[in-house]
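Two complexes, one shared chain (chain A), two partners (chain B, chain C).
Coming up: the complex of A and B.
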């Protein structure tokens, strides 16, 4: 079905243009962040006179981004750890164990996928307030766990369904208990899936702004993405500095993407093809 | 010595009994935390929200008011704009599905550099809407680079984010720009399951590209296409808060409101949680409407599990 000659170019040119349109905004912003304010005002597109990281450093130092980054790391790590633990336990039970009520419980977990956070936002805010968890990192960790757990269970269940029953039967014959099988077999065997699902969840938590804005109110507890929304007002008259702050916040995500691209797309497509 | 001989089998039955008990209990121990989290943090809030939506705000806080909040929504100009914009989302949906669909077809045909394209196209998906919103704030500002380019081409500047008629289209376009890579990899995963012999047969019969796509690819991928339609629409309905918050904050004049932003502002700034709950229920019904197809897909998945 290979098309020849002209047809090839008709395909190749738009694809190249679209690829350019996909990366150019990032490259443009990078160039802006290297410029001085004067350079930017004079010409938006001209390459920066020299490679300078002064704007990154200044944005980092003057806007509390360091503190926000630490907050994001704490909350993301907590939520991912909890999600992987609960998700793998539930995934093992749903995929490999027989018990009454399995199907209805699985349907409950998957049905929760269809409740977006916006729909439960108001009562969630009240309940968290009554529990004294508003404006705490623990409150945000719980919020993220509730938000992303159905998806995590779904992925872990479809992954563990591929583990042959014989493996579990053999362990039982050797005298292993069910919880022992979880700890000694399912956790080690699930490492690739846990990595993939963990990275995906880490991105979700790191990138979120809606839930974080709702749960955390004080400035010192803020996560990084909420901090970035505040940069806009702070640096409205200095676009290069604003660009520097934005890129500082996106740097960890770029690193994760470069190293774990396959795991990310695997996780995303596992959810899609199984569904 | 004799006592030891008796004790051994007795211990063995005790262990076996423990095993059986553990075997029965284990699924519940494994599932209890997850079920607790999902019920407490998703299911109960959903019911609480439905209940709040029937009570009053402010002075009538907690008082049962029937459908008053829903009536108030009907007469709220901003909520009306939000719903009208949902209509625009439905119009944007075919575009948001067609772009990744066509690209995936090309990538599947293994154009040179297909791996590179795949990575590049997917990249914006991992970025936070806040980051994307900030970048496009720079690009689309009135004295920004996009307008400067237009100026050089002799076209007047467009107020991308400040003109009420244009702004919502700008934000939707940026959302599509940011998320088409997601649908692309889902399409590619669908293509990977495509039966190669069908394609070979089409080629033997002398089918051209368009015919192959129409008679082989589309029917074979119908499940994937359906899935992408549903997830893309859900993304449009519930994934644009970050962009709206950063790029327009609902302005100008409420022109870029969507239900999710309306809920946020009504709960937070307007301090009307009951009215916000009613709007939440409207969004939920919209979601159910869209998710009906998804429910069918989920049912299929539970049969397999």
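Coming up: the complex of A and C.
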């Protein structure tokens, strides 16, 4: 009994330290965001003496973060929807359908995961420009889809590979078409994985700066993270305003975690142990 | 029993070719990238330019509230002269700026005008800009700092501000250390004595952040006027750099020994120069700092926090046998260039002129604290004593030494400066590597 108590502490203390290391930067940012620039310069670590939410309001109003938020919602929703559709279909095909070159194609998809975006920036920029998609939300939706599709395919293929072939064959016997199997069996079975992949992709898209900067060049079309990054000038010295913008930008992400934490956990667990 | 593939409907089987293409897309993209990098388009046309009546300008300042009046003024002036032509300023984050611009240049598609730092950043991209010597003759007298925007004698951007590295100091820290607050160090002996006293009083003598390796740029350019003879200085700027000279060695040895002697705040290699180094100085946590005269970390920023305690001095004379007289290292800071692919280049040059107009630059100086490149702007009514000193030193100033180096050598010097502080390389080893890189 006593041994169990000691073991619990041995696990709990490092976990507590890890939790503190995770939470501290957020609390530091919150504290900075509630300070004036003067307070920050004189002592950045001290608790805010005169708590103020002016930096949040300024970041939201004068920096146009409201419009940027809407832009982020549009491109994130569009990209995630497309990624889930294409990723689940490809995952189904790679894991359950037999066709020539299946393994090679899957390996190519995996290979695409290893290409950093910086390597393909120039041709990517050219193609989008020639297709007339620069500075359009559709262009960014397609860019995100192209960038994150290999990861989505990989996860969905791994998940669907654990679905027993018998399930598919039973559906065939019952007269289901391939599309029917996808719609009536694979999509419902894959729901936990789709939710996890969807949330992960939403976070990737929401937090991206570089691709968005490249595609959406005018201020009115910018996404939220780009807007927040632009709050810094060459070497911006108004860190409290920047901290306010950062917190405004991550607020929806925190909400997603708060509301979907059970589904995220369930999805990851289901993906890991299915079959 | 039929297998899944046997039963795969036609609609599902048909897209196989598309799948192959989709799977090959990253490979094709990489190949195209390699080709693109080898042979960039000479021109691609801006998105609109004259046709759409719109000029797009990239910079890293127009999103800053302090520069709003300047940009509004330039835009109003230009649009007043050219009704129907719209100007759009796109503020890019500085840390991504040259990556984005590099992509635009490779693709031959991007803004009509772009902001540049003088020196290596401009020179590396000169091939994408139009020469401006003939088109901006009318500005040559009024503006100064042109040399920083030249490549092989041709001007590619118009200077808007000047940039330099004066030594700022905190008079109250000097007082606390028992030093004369009106007598900043003028020699190596005084510098060392002052630093020892300030350290003894419990404050960092200098604030330094070298996380990005930028500290050595400030150190080299900042101290060089007090070490090099005028001839050596000019030779360096002209590309005749002797990395094995005793003078260069003296600067690098001081960089190392100053850290060993504890001149700086703790954690130099993990402290960001922008803005932690300067925030520490503004917050009274350091006696001295090598700062800027424009953009940020300048007299106006420091005055906001230190007020009458802010002092400024020129580089101390560290090598009296060579440098009998010291001066402020300063040159063109930022400027605007016109991209080659811009369709209506005359219009774009006209916008550069609006951005460089005296009325607009007065606002840049007054609101943002930038020392404008315009020699006609009167600064005599300045209320901050530091700016009066800086402006009075400008006529005798010489360009910064580090901006004469290539981007490749600058990268190396950043890394070596961190290794010197850590004790991973010796001064001689560092200088040998730099000499090889700077050939």
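Here is the rule we go by: the second predicted complex is superposed on the first by the 214 of 275 C-alpha atoms of A that agree within 3 Å, B and C clash if a C-alpha of one lies under 4 Å from a C-alpha of the other, contacts with A are read in each partner's own complex, and residues count from 1 in each chain.
One rule holds for everything that comes next: a contact is a pair of C-beta atoms (placed from the backbone, for glycine too) under 8 Å apart; a residue touches a chain by one contact, two chains touch by 3 or more.
Bear in mind that the values here come from a model prediction, so they are computed numbers and not experimental data.
J.: Once the structures are superposed on A, label A:99 by its partner contacts, choosing first (chain B), second (chain C), both or neither.
T.: The answer is both, since A:99 touches chain B and chain C.
J.: Applying the document's definition of touch, where does A:81 land relative to chain B and chain C: first, second, both, or neither?
T.: neither
J.: Is A:135 in contact with chain B, with chain C, with both, or with neither (first, second, both, neither)?
T.: Only chain C; A:135 stays clear of chain B.
J.: In the overlaid three-chain picture, which partner chain does A:124 touch, first (chain B) or second (chain C), both, or neither?
T.: both
J.: So, A:173: does it touch chain B (first), chain C (second), both, or neither?
T.: second
J.: Answer with first, second, both or neither: which of chain B and chain C does A:189 touch in the superposed model?
T.: Neither partner.
J.: Taking the superposition on A as described, I'd like to know which of chain B and chain C A:73 touches: first, second, both or neither.
T.: neither
J.: Going by the contact rule set out at the top, does A:239 touch chain B (first), chain C (second), both, or neither?
T.: both
J.: Touching A:62 in the superposition: chain B (first), chain C (second), both, neither?
T.: Second partner only, chain C.
J.: Is there a shared patch on chain A that both chain B and chain C touch, and which residues make it up?
T.: Chain A residues touching both partners: 44, 90, 93, 97, 99, 105, 108-109, 111-112, 115, 118-127, 146, 149-150, 177-179, 209-210, 213-214, 229, 231-232, 239.
J.: Where on chain A does chain B make contact in their complex?
T.: 1-3, 7-8, 11-12, 15, 18-19, 21-23, 25-26, 28-29, 32, 44-45, 86-87, 89-90, 92-95, 97, 99, 102-103, 105-127, 142-143, 145-147, 149-150, 153-154, 157-158, 161, 177-179, 182, 203, 206-210, 213-214, 225, 228-229, 231-232, 239, 242-243, 246, 249-250, 253, 256-257, 261, 264-265, 268-269, 272-275
J.: Within their complex, state which residues of chain B touch chain A.
T.: 19, 22-24, 26-31, 33-35, 37-46, 48-49, 52, 103, 106, 109, 111-112, 116-117, 119-124, 126-131, 134-139, 144-145, 148, 177, 181-182, 185-186, 188-190, 193, 199, 202-203, 209, 212, 224, 227, 231, 234, 237-238, 241-242, 245-246, 259-260, 263-264, 267-268, 273, 276-277, 280-281, 283-284, 287-288, 291, 294-295, 297-298, 301-302, 304-305
J.: If you look only at chain C, which of its residues touch chain A in the complex?
T.: 1-5, 7-9, 11-13, 16, 19-20, 22-27, 29-30, 32-33, 36-37, 44, 47, 56, 60-61, 63-65, 67, 88, 90-96, 99-100, 103-104, 106-107, 109, 274-275, 278-279, 282-284, 295-297, 301, 304-305
J.: For the complex, give me every residue of chain A touching chain C.
T.: Chain A residues touching chain C: 38, 40-44, 62-63, 90, 93, 96-99, 101, 105, 108-109, 111-112, 115, 118-127, 129, 134-135, 146, 149-150, 165, 168-169, 172-173, 177-179, 181, 209-210, 213-214, 217-219, 226, 229-237, 239.
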